[in-house]
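There are two complexes below, and they share chain A, which is joined by chain B in the first and by chain C in the second.
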Partner chain A sequence: MNEENFTPKITGDRIKAYLEEGKRFDGRTPDQFREIKIEKDISKKAEGSVRVKLGKSEVLVGVKMKVVEPYADSPDEGVLMTTADLLPISSERFESGPPKFPAIELGRVIDRGLRESGFIDFKKLCIKEGEKVWNIFVDIYSLNEDGNLLDAGMLGAIIALKSARIPHYDIEEDKIDYEKEATEKIPLSEPPISITVHKLGDNFLVDPTREEEDVSDARITFGISGEIISSVQKGESGSIDLEKMKEAIDLAEKVSKNVRKEIEKYLD
Partner chain B sequence: MSDKQRKVVVPGEVIFEGEEYLPGEGTEKKDNKIISLKYGLAEESNNLVKVIALSGVYEPRRGNVVIGTVELLTFNGWVINIGTAQNGFLSLVEVPRYVNKDGLEEVMDIKDMVVAKITSSNKRGIDLTIKGRGLGKIEEGIVFDVNSHKVPRIIGKEGSMIKLIKEETGCNITVGQNGKILVKGDKIENEILAREAIEFITEKSFVSGLTDEVAKWFKERKK
Partner chain C sequence: MVQGEKKMSEFKRPDGRKNDELRPIEAKVGIIPNADGSAMYRSGDTVAIAAVYGPKKMHPQHQQDPSKGKLRCTYNMLSFSVSDRIRPGLNRRSTEIGKITEWALDPVLDLSKFPNMVVDVHIHITQADAGTRCAGINAASMALAQAGLPMKDLVTSVAMGKLDRTIVVDLTKEEEDWEEGEGPTDIPLSMTKDGKITHLQLDGKISPSQLKEAIDLSRKACAEVYEIQKKALKEAIEKNE
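So, the complex of A and B:
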């Protein structure tokens, strides 16, 4: 990563001082998300695809499916693989080459959020026990980075999975027939919404811009499905004490309800 | 092509052909052809052809005021990143106060930001000074980046644009030629307003009569 483009410390001090008054540079309140824009089915070849815009942040999520042999410890369950790529086109901070820490973390946190919430019914993705199961690939690409790719990626992942159709699989010939129309949906339940709460100084905020993300002391990502927090991931070096943690959980719960309301219409 | 007409050119494009033309900044002459070396606006006056770049990195020049970040402390000065390929160097001698050689960090430490002037820029490096009005360490304010090629538009003709923003927001604004801008006011709201105005200018930099547009923008914002 290129250090010189990072938000200067003095700008960070201003952001924190302003947040102390409960205000942010772009006029939002600390618990407010940027405008969410969603475009479905943008790829013809993918089983499901979506483009999510969160303010200036933009991600592309695609779902592809393949028939594979199951893992030995779960012979009757489908397989989920989530990968994230931070493309150089999205920010001057990203470079091509093997994925670095932020890209790996992004993929894995979203993978955990999807997996632990029980969103996907893996048992129903089994074709023949011990031999053939469906493998779901969720690929996340950043198109533009302005903070909070995590929550944008998660929104993209759940909507892409919801809109995906399982292609027709011919058991005898052992191959996927793309000629036949795919109608069957992936067996899904309550979708997890991820809310990343950032701590700046003594205050919390959600959906940071790049500047805010740069000066964040600590962050926690909550995967919330319905009333249940199914996954938690802490990032950055700062600490959060118990009282503050409760505050963060309350904030995440409140925000997740608002976000769910906004994306509800895309979830059918 | 008269003085006022400008043409968008790309690297490798032949701008003029003929013996009489001379290559200026951002161009080269090959077989009596003037070829652009940059993406930008081509201009011709008195047969001298030059290209004003529209993108690319900042090129340091003597006399430019820039804003940089302290990257390293050495035994006789500070290494300062001003967003160029080469780092700038601020020598102890160029600081208008007594500095204890064992305590450089008391004056400026790593990650501190500074407004400095380029005294020389050559192959050996970029030398900086903070002797002068308005130069020195930045204590507070908002620092942000813009495209360094838009800096002339932000300043405006004889500083008309920057004067307008200063009057409307009551902020102190320092524009670094390297595209880093420092805004300092008594209220954070005013600083944000000044920043938004500057971002508005960089977006609309191609519009003619931009100063009036900005004045209009301020009026609408203040409603």
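So, the complex of A and C:
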């Protein structure tokens, strides 16, 4: 990372002083997300695809499917693979080359959120036990980076999965026929919403901009579906006091409901 | 797919276009706020996005050129831009196209005022239906112009082709997979407005005279694309004012 692109300490101090009074540079309250903009079907070649804008942050998420052999320990279940790529197109901080830690973590945390919430019914993605199951690939790409790509990526993942159609698989020929119209949906239930709470000084905020994320002491990501928390990841080395952690949980739960309501219309 | 024997006289393109007709084009400049310049170029179902970062200090240092700045292009197809998913990351094809793109654009850029610096151009294909390198070059050319770099001209690219014995412009994937008669020949090429060819590739079978014919025909197609690029750049500037 290029040092000179980093948010300076003086800006960080100002952000934290503002937050003491419950204020942010862009006029939002600490528990407020930026405007969410969704555009579905951005690639005709994908089984499902979406562009998510969270303020100035922007991600593309695509779902592809392939028939594979199941894992030995789950012979009657489909397979999920989630990858994230922080493209240099989206920020001067990102470089070409093999994925570095932030991209790996992003993919893994979203993968766990999708998996552990029981959002995807893997049993229904079995074609022939022990031989053929559907493999779902969720690929997340950043297009413009202005903080909170993780929550944006998760929104993209659930909407892309919701809008996806399973391609026609010819079991005799053992191949996918893309010429035939795909109509069947992926078997899904209540989607997980990812809410990342950031601690700056003694205060919390959600959906940080790049600047806010830069000066965050610690972050904690909750995957919440309905009333259930099914994945958590605490990041960065700042510690969070036990009682404060409970506040973070309450905040994440409250915000997840608001976000869930916001995106309701895209989940059909 | 088209069936039956097609003679040149009765040759018809699958989507009903005339032989010298481009697919519907859409161009937009300034799509990525973080970048110094950015653009989207769509030709039919092929969509390319490009962003420019720089000039900035060249790293690694041993690649610095004290006499002038360097152009560095990367080309990449998103995993879900095609029917069979591509594994994310660079491969041999994308590495070559990145370099080809660099060669196509370099002649119009003047980076002599930026010694030891680099201009990075990143191209991504979000949806592919043939002609992706050409779409990428068209998007990158606009992005470089928006970034305000010293340029002599825009570069404009078009995928020419020969289907059986007929020269056509802007092939689709379906046309690229054409197997009738002499089969398909792909001829992606790029040029400046005054007809300096900065990029030419070919796959297939073609006579020297027909290749010349294809090059002649590409001039008109490129002129059309050039106008669309220019218009998109103007719109971006007007929007900023």
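The criterion applied here is as follows: the second predicted complex is superposed on the first by the 268 of 268 C-alpha atoms of A that agree within 3 Å, B and C clash if a C-alpha of one lies under 4 Å from a C-alpha of the other, contacts with A are read in each partner's own complex, and residues count from 1 in each chain.
Here, a residue touches a chain if its C-beta (ideal position, glycine included) is under 8 Å from a C-beta of that chain, and two chains touch if they have at least 3 such contacts.
Given the structure is predicted, the values throughout are model-derived calculations rather than measurements.
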In the superposition, chain B vs chain C on chain A residues touched: C
Looking at A:64 after the superposition, I want to know if it touches chain B, chain C, both of them or none. Which is it: first, second, both, neither? second
Touched partner set for A:154, first chain B, second chain C, both or neither: neither
Looking at A:49 after the superposition, I want to know if it touches chain B, chain C, both of them or none. Which is it: first, second, both, neither? second
Which superposed partner A:18 touches (first chain B, second chain C, both, neither): first
Contact-wise, after the overlay, does A:89 reach chain B, chain C, both or neither (first, second, both, neither)? second
Considering only the touch criterion stated at the top, classify A:109 as touching first (chain B), second (chain C), both, or neither. neither
In chain A, both chain B and chain C touch residues none
Of all residues in chain A, those that touch chain B in their complex: 4-5, 8-11, 13-14, 17-18, 23, 25
For the complex, give me every residue of chain C touching chain A. 32-35, 38, 45, 47, 49-51, 53, 56, 74, 76, 78-85, 88-90, 120, 122, 124, 126-128
As the complex stands, chain A meets chain C at residues 42-47, 49, 56, 58, 60, 62-64, 66, 83, 85, 87-92, 96, 98-99, 137, 139, 141, 143-146, 176, 178
Give the list of chain B residues in touch with chain A in this complex. 69, 81, 83, 111, 113, 138-145, 188, 191-192
